[in-house]
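Here chain A shows up in two complexes: once beside chain B, once beside chain C.
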Partner chain A sequence: MRRYLTPFLFLGPASLLILLFFFTPVVATLLLSFTDLATTTFRHPSWVGLANYRDLFADPFLKKILANTARYVGLTLAFNVGMGLLLALVTSLVPENWGDPFRALWLLPRILPPVVYVFIWQGMLAEAPMGLVSDLLGVSKNWLVETPWVAVILANGFVGASFGMLIFTSAIRAIPRELFYAAAVDGATTLQTIRRVVIPMLAWPILFVTAYQTLSLLTSFEYILLLTDGGPGFYGTEVWSLHAYHLALSNYFGNVEFGLGAAMAAVLVVIGVVVSLFYLKIFNFRALVTEPKIEV
Partner chain B sequence: MRKWWILAAAVLALTPVFAQKTITIKAWTIGPDDPSITRLKNLEAAVDRLNALLAIEGADYRVKLEGDFDTTDWDPYLRRVLLAFQSGSAPDIVQASAAPLIGVWATAGYIAPIGDEVSRYGTFKDVFPTLWNAVTFKGQIFGTPQDTEARPLYFNKTLLKKLGWSDAKIAELPKMIEKGEFTWDDLLATAEEALKKGVIERGKGYYHRPKNGPDFLMWYRAFGGTAYDPASGKLVFDKAAALRYFTWLKKAVDAGVLEKDRLDGNWKRFHQNVTDGKVLFFSGGTWNWAEWKSQWVKDRGGESWLWQHFGFALQPAYEKGGRPVTLSNPQAYMVSSASKHKALAAKILAFVAMPDLDARHAVGSGHLPVLQATASLTENRFIRAVSYMLNYTTFQPQHPDLPKWQNALYRGVSAVESGQVTPEQAVSVVATEMKRTLKDQVMIK
Partner chain C sequence: MSRGTSVRLQNLTKRFGRVVAVRDLDLEVNPGELVAFLGPSGCGKTTTLLMIAGIYRPTAGHVYFGDRRVDPLHPRDRDVGMVFQSYALYPHLTLFENIAFPLRLKRVPGEEVKRRVKATAELLGIGGILERRPAQVSGGQQQRAALARALVKEPQVLLLDEPLSNLDAQIRLSARAEIRRLQRELGVTAILVTHDQAEALAMADRVAVFSMGELQQYATPEELYHRPKNTFVAGFVGSPPMNLIEGEFTGDGFRSGELRLPLRQAPLGRGWLGVRPEHLRIAGEGHPARVLVVEPLGREAIVIVELFGHRLQILVAEGEKPAPDAEVRVAFPARALHYFDANGRRIGPE
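Our next item is the complex of A and B:
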C-alpha cells in the first residue's frame, strides 16, 4: 500500500484538476448532446438520444463548414509553424541585440486585446479613404469581404507565429554549442547546419507546437467571430467551432439550442483526439520520449 | 440620567427613517442604438415619480432602480439575459423585442404573466390596442409595450435628381409606392439606370441590413409570402413567394445594383455609405433617422440635412397594384418570473406608460409612441410623417420556433446573394432546412 502512496500524492492534485476541469466537461457535453436542451426547454429538457447527431449530419451544409475548418486550421497552422520557425532561425542567426527587439515586435499582436487587434485589421482593410490597404494599392475595396480568408489566416497567423517563435528560439538556444562547432569544422554551410543539425533537434518542439496549435485552432474562433462572424455571405468563413457557438450561444432571436451545440462540441472532441493520435504517429512519439542520445 | 432621556427620544424620533426600506429593482434595457437610452431613462423617471408618490402616501419603502442600458448588439445582450435567467439572477424588468421573445421566454417560464397588474392601472388603457397582441402569448399578457416603429424604404433624393427625376416626381414616390404603382422591379430598373449613368457606384443601388433580423420576413411578405397560419398556430413557408424574393435578389446582384457581400455584418459600413450619400435606395428603420441625425450627419446640419437628402416610403409591393408593407417590432418591458417584487415592477411599468415619457422616447430615438395620447402631443415632423405606415404594418408571429424559421430564410438569402446557389435551389434549401428543424411546426406551401 505504502508503495502507491508517494506516486498517489504526487499525481493526486493534478489528476483531480484534470478530472474536474477536463474530464467532467467532456462527460457533461456528451450528456447534454443527448438532450433537446434549448432556451424554451431549459426547465424541462428531455432525452432525445442521437437525434441531435442525426440533425447535424443531415445538414446539407456540413461539408462546407468542415471544408472551411480544414482550410482554416491547415493554412493557419502552416503559417504559424513555418513563420515561427523562420523567425526563430533568423533571430537566432543575427546578434542578440538585433534578434531580441525583433522578437519583441512579433509579440505585439499577442499582447493586444483581441477586440482592439481586430479593429486595427478592420480599419486597415476598409474602403478608402479609411483603409490603409486600399490606399496603398490604389484600389478602394472592402478587402475583408473581398479576401476574407487571407484576412482570417493572417490575423490569426500573426498572433500564432509568435508562439512557435518563442518555443523554437529557446529550443535552438538549448542545442549544445559543440554541435555547431563540429558542423563548422566539417565545413557545413549555414543552410546545411540548419537542415542537418538544428531541424532534427527541433523535432520535439515542432511536434508540440503543431499538435498544440492544431487543437487550439480547431477550438478557437474569437478572431473569426470578430473579423467576419463567419461571413461574408453564405458561411463564407464559418468554421466548426464558430458554428457550434452560433448554434449554442448566439442567436439574434433568442432561442438557442444547447443540445445541438453540445453535439457539435462532442464531434470536435473526437476530431481533436484523432488528430492528436495521428501526430503522435507521424512524429514517432515513442522515439521522441526515449533517453536523449546527447546531453541537452 | 437626563442624557439617557435625550438619547432615547432621539432614537424614537429617528426610527421611522431607519425603518424605511429601500427596495432595489434591477432593469436591463438595450438600444442597441444610442438614442434609445430613454428606454432606461424613462424607467428612472418613473421610479422618481413613484418615490415622490410614496413619500406623499407616507409609505414605509422607497424604490431604487439599478438600471443598465446595452449598446453592443442584440446577440450579446440576449445571451446575457438568457444566462441571467438560467442562473436565477435575472433582473426584475427586462426590455426586449415583444415577438418572438415573449413566446420564447414565456414557453421557457422565464417571464411572468402580468395581465392582472395591467388591468389594475389606468395608464395602460391608452396603449394602442393592436400592440397588446404583440405582448400576448397563449391568451396571457406577458409584457407592456414600450415602443414600436416602422421599417421604411429610404431613398436618396439628391441621387434621384441627378438621375433626372423632377422634384415633383420625387415627392410623389412615397404615394406611388403606397398605391402599388412603384414596385420592386421599378426600384431595380431605376437603380440599374443610375448605375449605367454613373450616378452611383457598383453595388450601391440598394442596401439592406448587413445581418440577420426580422426585416427578411418583411421582404418575404412584400413578395407575397405568409409566415403564420393562425388557425393551426403553425408557421408557414410559401415557396412561390420565396422564389419571387430570391429571384429579385439574384437579379439585383447580377445587375450590379446590390453588393453580393451585402451581408457583411458591418453596420458601420452601412451607415457610412448611406450617409455619405452614395446609396440610392436603402431599407432601414425609423430609428435610423435618429441615429443618422445625432451620430452620422450631426456636423452637416443634422435633421435638416436628412430632410434635404433623404425621403422615405413603405417597402414596395412586388406587382403593380399590390399592397406595400412594413414591419413593426414592438419593444416590451417584461417582468422576470424569478423577481421577488413582481407587483412593484409592474407598478413601475404603469408609471412609465405616461404620454410625456412616451413622447420623449419617440422623438429622441425615432420610434413610434405606444400611447394614443402621445400622438396628439408630439409636434415632431418625422413621427407625424411616418405614422401612416402603421396602417400597413405587420408583426412577427409569436411562435417560439420562429427563430428557426428566420434562420432558415436568412440562410437562403445569404446563399442567393453570395451567388452560391440559384434562387430555385435556395428555395428548396430553405424548405428542407425548415422541415428538418421545425418538423411538424411548419407548413410548406
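Our next item is the complex of A and C:
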C-alpha cells in the first residue's frame, strides 16, 4: 500500500484539478444534453432521453455546419502549419538581428485583445473610403461579405501561425550546426538542405503542432463570432462550436436551449476524443515517452 | 580513385567582429599529403578548415586547390569531403542513405549509387549494417559511416575535424592507423584538425602548429620534436611537455637562480632554456634536486623534482625510478638543450 502512496500524493493535486475543471463539466454537459432545459422550461426541466440528439441529427442545416467546420478547421490548420513553417525557416535563414524582430512582429496578433484585433480586420475589409483593402484594390466592396471565408481563415491564421513559428524555430535551432555544414559539403543547396535535412528532422514538431491546433480549432469560435457571427446570410460561416454557443447561450428567438446546445457540445467532445486518439496513434505516443529518470 | 590536389592558403585571414580568428596564414599542402593542424581550442585551426571547406568565407586572402582559386566557391563546387567531430550523420536516414547522400544530390543513377556506397562501406568494414540508422550503431561505426560519406564522392581533398576525439581510447588507436592507410591508398590530400599532439605526430606527414590564430611552425613531426621554433611549440609538442626555465644568458652560459649551465656561444639578455623530460638524466653527477612525486606509467615513470626552485619533469625507465623525497642529482646533456630568446624564439642552429 505504501508503494502507491507517494505517486498518489504527487499526482493528486493535478488529478483533482482535471476532475474538477475538465471531467465534471463534461459529465454535466452530458447530463444536461438529456434534458429539455431552456429559458421556457428553466424551473421545471424534464428528462427527455435522446430527443435532443434526434432533433440535432434531423436538423437540415447540420450538414452545412459540419461542412463549414471541416472547411474552417482544415484550411486554417493548413495555413497555420504551412505559414508557421515558412516563417520559422525564413527567419532562421536570415541573420538573427533581422529574424528576431520579424518573429516578434508576427506575435502581435496573438497579443492583441481579440475584439480590437477583429475590429481592425473589419475596418480593413469595409467599403471605401474606410476600408484599406477596397482602397488598395480600387473596388469598393464589403469584403467581409464578399469573401467571408478568406477573412475568417486569415484572421484566425495570422494568430495561429505564430504558434507553429515558435515551435518550429526552436526545433530548427536545436539541429546541430554541423549537420548544415555537412549538407553544404555534401553538395546540397539551401532548398535541398531544407527539403532533405531540416523538414524530416521537424517531423515530430509538425505532427505536434498539427494535432494541437486541430483540437483547439475544433472548439475555438471567438474570432468567427466577432468577425461574422456565423454569417453572412444563413449560416455562411457557422461552425459546430459556434452553433452550440448560439443554441445554448445566444439564440435569436430569445429562447436559448441549454439542453440542445449541450448535446452539440457533447458530440464535439466525442469528435475531439476520436481525433486525439487518431493523433496519439500516429504520434506513437508510447515510443515518445521516455523512461522516468527518478525512481519513486 | 582520384588523386589528390595541392591546397594552398595565401594570406588567409578570418575576423569575427573584432576578434581575429586566423591571421595572415600562408601554407601549402602537397598532393596526397596528410597535414595536421594542431593547437589548443580557439587557436584558429577549425576556422581555417571551415574556410578550406567553404563554410566560412575568408575576410581576406585566398584558397587554391591546385591552380584553381576556390575561396569564392560554394562548398558543393569545391570537391571536398569532410568528417566532423560529432560525425554529423543525418539521424533520419539509414547509414546507406547517409553515405549515398552526396551522390543523390549529384543525381548519380541508382545502380551506380548502390555500387559505390557498397564498395566504400566494404572498404571501411561497415557493409553489414547499412540498413541501420546512426542511433542504432556504435560510435566507431558512426565514425566509419561519416568517413564513408566523405570518401564516396571521391573528393580531391579530405578534411577531418577532430574525427577521433569522440572515440574510446582503444578504438582511437586503430582508427588512426585505419585512416592513415586509407588516405595513402586513395592518394587523397588530407587535412586533419586535432588538439592531440600524439595523434598529429603519429598520423601526419607534416604538422602545422597554431596558437592564437597564427601559424607557429609548419614542419615534419621529427623537426617539430627536435627543433621547435619557439617556446609555444616546444611546450605543446611532446608528452610530457618540454621543461621550460626562464633565465638569463650571460655570454658564456645560461643562468637561472643558482642553476648555471655553460654555453660555447651564447647571446646576452633574458631567455629560456628548454629540455625534454626524456633527455634529463638522474645520475651520479649533476645538479642536486629533491624528488616530489613519482607517477608510474607502466613501462616508464614521470619523476617530478625540485631543482633550485624549478619544478622539472623527468622521464625515467620503470626500473630506475627513485623513491619520493629522495635527494638525487640531475644531469643536463648539452646536446639535448634548447634555447629561446626573451620573445620565445629559438636560438641556435636551425
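The criterion applied here is as follows: the second predicted complex is superposed on the first by the 278 of 296 C-alpha atoms of A that agree within 3 Å, B and C clash if a C-alpha of one lies under 4 Å from a C-alpha of the other, contacts with A are read in each partner's own complex, and residues count from 1 in each chain.
Following the convention adopted for this analysis, contacts are C-beta pairs under 8 Å (C-beta built on N, C-alpha and C of every residue); 3 or more make two chains touch, one makes a residue touch a chain.
Values in this document were obtained by computation on a predicted structure and should not be read as measured data.
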Partners on chain A (chain B, chain C) - clash or fit: fit
Partner chain in contact with A:203 - chain B first, chain C second, else both or neither: second
More chain A residues in contact [chain B versus chain C]: B
Touching partner for A:181 - first (chain B), second (chain C), both, neither: second
Angle at chain A between chain B and chain C, C-alpha centres, nearest 10 degrees: 150
Touching partner for A:39 - first (chain B), second (chain C), both, neither: first
Partner chain in contact with A:55 - chain B first, chain C second, else both or neither: first
Chain B versus chain C as contact partner of A:249, first or second or both or neither: first
Touching partner for A:282 - first (chain B), second (chain C), both, neither: neither
Which of chain B and chain C A:142 touches, first, second, both or neither: first
First, second, both or neither for A:233, with chain B first and chain C second: first
Minimum distance between Cα atoms of chain B and chain C in the superposition (Å): 51
Chain B/chain C common contact set on chain A: none
Contacting residues of chain A [partner chain B, same complex]: 39-43, 55, 58-61, 126-127, 142, 144-146, 228-229, 231-236, 249-256
Touching residues (chain side chain A, partner chain C) in the complex: 176, 178-179, 181-189, 192, 196-197, 200-201, 203
Residue numbers on chain C that touch chain A, as the complex places them: 50, 53-55, 74-76, 80-82, 84-86, 88-93, 101-102, 105-106, 149-150, 153, 159
Chain B residues within the chain A interface of the complex: 74-75, 78-79, 82, 85-86, 96, 100-101, 104-105, 107-109, 211-213, 260-261, 263-265, 269, 400-404, 406-407, 411, 414-415, 417-420, 429, 432, 436-437
